[in-house]
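As written, the chain order gives the labels A, B and C, with residue 1 at the start of each chain.
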Amino acid sequence: MIKSTTSSLAPHRELPAPTASWHDRKGLVQIGLLAVLLLAPLAAYFLGHVYYVNLASRVTLIAMAAVGLNLAIGYGGMVSFGHAAYFGLGGYVAGISAYHAFDLTPVIAWPIAIPGSDSMLAIWLAAIVVCGLLALAIGAVSLRTTGVYFIMITLAFAQMVYYFANSWPTYGGEDGLPIYLRNSLPMVDTQDPLTFFLICFGGLLLSLALTSRIMKSRFGAALTMARLNETRLATAGIAPYPIRLVAFVISAMITGLAGALYADLNGFVSPTMLSWHMSGELMVIVILGGVGRLYGPLAGAILFVMMETLLGGLTEYWKLFLGLVLLGVVLFAKHGVMGWLAGREHP
Amino acid sequence: MTLFIEQLINGLQLGTMLFLMASGLTLIFGVMGLINLAHGSFYMVGAYATALVSAATGSFLIGLAAGITAAAAVGALVELIVIRRLYHRPHLDQVLATFALILIFSEGTRWLFGSSPLWLNAPAALSGSIALPGGSRYPIYRLVIIAVGIMVAVGMYILISRTRLGMRIRAGESDREMIGALGVNIARLYTLVFAMGAALAGLAGAMVGALQSVQVGMGQPVLILAFVVIVIGGIGSIKGALYGAILVGVVDTLGRVFLPLFFRQFMTSSEAAGVGSALAAMLIYILMALILAFKPKGLFAAHD
Amino acid sequence: MSDAVLSLTHLNKRFGALQATRDVSLDLRPGEIHALIGPNGAGKSTLIAQIAGSLKPDSGGIQLAGQEITSLSVAQRARLGLGRSFQVSSLAEPLTVLRNVMIAVQALQGHSFRFWKPVHRDESLLAPARDALARMQLEPRADTPVSELSHGERRQVEVACALALKPRVLLLDEPMAGLGPEGSARLTELLEALKHEVPILLIEHDMDAVFRLADRISVLVAGGVIAHGDSATIRRDPQVREAYLGD
């Protein structure tokens, strides 16, 4: 349809930049999605429905976590079935740091003392660093394998983190860890639901912008080639493994940051955030929205949370219907919501 | 020492259960190239059918037969309706579609039978225990599970290496086009292999259901352990599944018992319990990472 | 032969009972096309894989411009100036021709861990890529996705990708395979023009092209080189006629 009809007519035209613009359907859909996400909670806030503001924050953070996963799955072709590890670990960084700040005990006493902190800035930085390091270790082993092995190994490593959190009693074990008071930012009231939503929204915008920018860069070109044709990349003189590993780490950092915010949203972190169901749901969101589409995770997250809220209001067995919808999308609508709304896309 | 022997047998019992799950998974992957997350659902179906029919008839054996049949039937049905559309799809699609099947099976079962567990008792004839060397007693039923697992392993070996069906399965693993050219009805072979894998999962679920409780989601922890098993053993290799299952079963069981005991020697007992159990929970994953660091395709890689 | 750009010395590779490469020594000198021919199953693909780095030889060595490369990876060899094309086209189908070539230029300019500057505005990438395309007369197709190209055009893109690496050696694996007489003649012309800039090790089935292009020919049979010389010598060699031409 919109498929590059111009390509043979304009031989020297610049390569199309995968950006949003006002002039095409995709750009309008992207801006529309962001507008809905921003305006709905604003309206709800001024009408006094705080529940919907928090719901919008939830959509935003799940979308952000899926943006991270999309970098691995959609752009890098690395089907990670273990991104809950980073989402949950980000959450635990927020929880543990707040726990020690509350208790006035150090997080680590040796070899250097690291105190707890209830500053979001410190927590975000810590979440990004810790998740990056975990992804570096997991990725270094997992990326030696491909295909099904990679899927199962990422799953298994995430389970390892899950069981660890489940059986380590200091931070609540399977009961999880409450955050009694939402962590703070200088000069901002993070307790206010709308303010907190705007922080989350900023995080989402930042991760979208970062992904878009990275994918247009040399690194993105190499990552795209690693996904499409690994042999071509190596023959061109670029080793695929380090490119994939770095993309995997960046992906985990984005998902981890979303996890830290998610724990603050709920005031609670538990092994559920680390479970393989969470990994599966993040994948589902990426697929529902459209794999490898910049705004796919946002469309997927909106759809997912809407189904959860609407169907969940009708029946407690709503996941049965989620399963049926998902099965339908996988079998019959391969390009997801974004493919349906904004047309197909060339990589 | 008696504790060690007892736990070693427990590990073997877990290992044989894992083998029943893993052999089906690995066969389905080897023959059809399909990654099936819904395999744990057949485990659950087997357990539910066994529990319901046993309760209705009062006979564990009739229940067990019903459980295996139900799992095989559900497996065949799922293959016919959904799975056969996935063989030529990327792994990502297979993961998602079978993840969707898990949601459908789990929530559907919860809807039909509720969230509270069903109870299934081992047959009275097997409820006793026998003396182990060293004096402690060990339940007969668990030994029977090990025996069934060994029988299945031997049966699979004979099936694959000695029978016509086995020949076709082996041909399907090495060259899918070839068996088509030989005139084998591939569609029927695939349905059969899938149903067979489901039946083995159902058998495992039914037998373990009598040890633990029968409830929604019971298949999932086992499924993930089975994944670890086949990754360690080499995806597609039945032999790998056997060795992997025993290794994982024994290491996991012994780790959970002995790591806390080990740490108690230099910590307070509550600390030791915490560190020990956390480390034990991670043990098989560490084992898997180590094995993959040296053999990225597992111990017995069937084919590249 | 100290002036050789690429030299193989006593390469051996064995798969179980099959000796796929048997004591192969050959070299490639500046300004020449050295053709490697042989019947199916002679071990050409195995030999190429060892030169390109996707297979490691059991024994023997490979030198590129005097440097030992036997234990280097595919990517490392490419960075040292080994450009290659594949027997079965291995381009990224959904991407445009220009994008496929740009990745090689990008590799030439150092590491790819640059996350900020967009490549579609990066003249330092675009200009050399267009250049390589011009050399293969592909400029008008620069913005066409590879999936829409003809078979012959894909072959040319393959060579353009290799050229964009500014290679010291070109390793072309059956570039004429599947081309009609016209396409094959056209590619022959392009390669002839190229050989003075970069020496070519050519693996080819098309005998017309080989006899027209090659300065020297080596004949590979059952993993070993059985004859070596210019095209006249090879045409006359009785062993070659028997083993290969089937007389």
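Side notes on the structure shown:
One rule holds in what follows: a residue touches a chain if its C-beta (ideal position, glycine included) is under 8 Å from a C-beta of that chain, and two chains touch if they have at least 3 such contacts.
Source: prediction; values computed, not measured.
With chains reduced to the mean position of their C-alpha atoms, the one farthest from subunit C is B.
Chain A has its Cα centroid nearest to the centroid of all protein Cα atoms in the structure. Averaged Cα coordinates give subunit A a centre that lies 32 Å from the centre of subunit B.
Chain centres here are Cα averages; for subunit A and subunit C they lie 43 Å apart. The mean-CA centres of subunit B and subunit C are about 49 angstrom from one another, to the nearest whole unit.
Across the interface of their complex, subunit A is touched by residues 52, 73-76, 78-79, 84, 86, 90-96, 98-100, 102-104, 106-108, 112-122, 125, 139-145, 161-162, 165 of subunit C. Every residue of subunit A that touches subunit B in the complex is listed here, in rising order: 73, 79, 81, 141, 144-145, 147-149, 151-153, 155-157, 159-160, 163-164, 166-170, 276, 280, 283-284, 287, 291, 317-320, 322-324, 326-327, 330-331, 334.
Taken in their complex, subunit A has these residues touching subunit C: 4, 7-8, 10-17, 213-214, 216-222, 224-225, 228-229, 231-240, 243, 246, 346-347. For subunit B in complex with subunit A, the touching residues are 29, 35, 82, 85, 91-93, 95-97, 99-104, 106-108, 110-111, 220, 224, 227-228, 230-231, 235, 270, 273-274, 277-278, 280-282, 285-286, 288-289, 292-293, 296-298.
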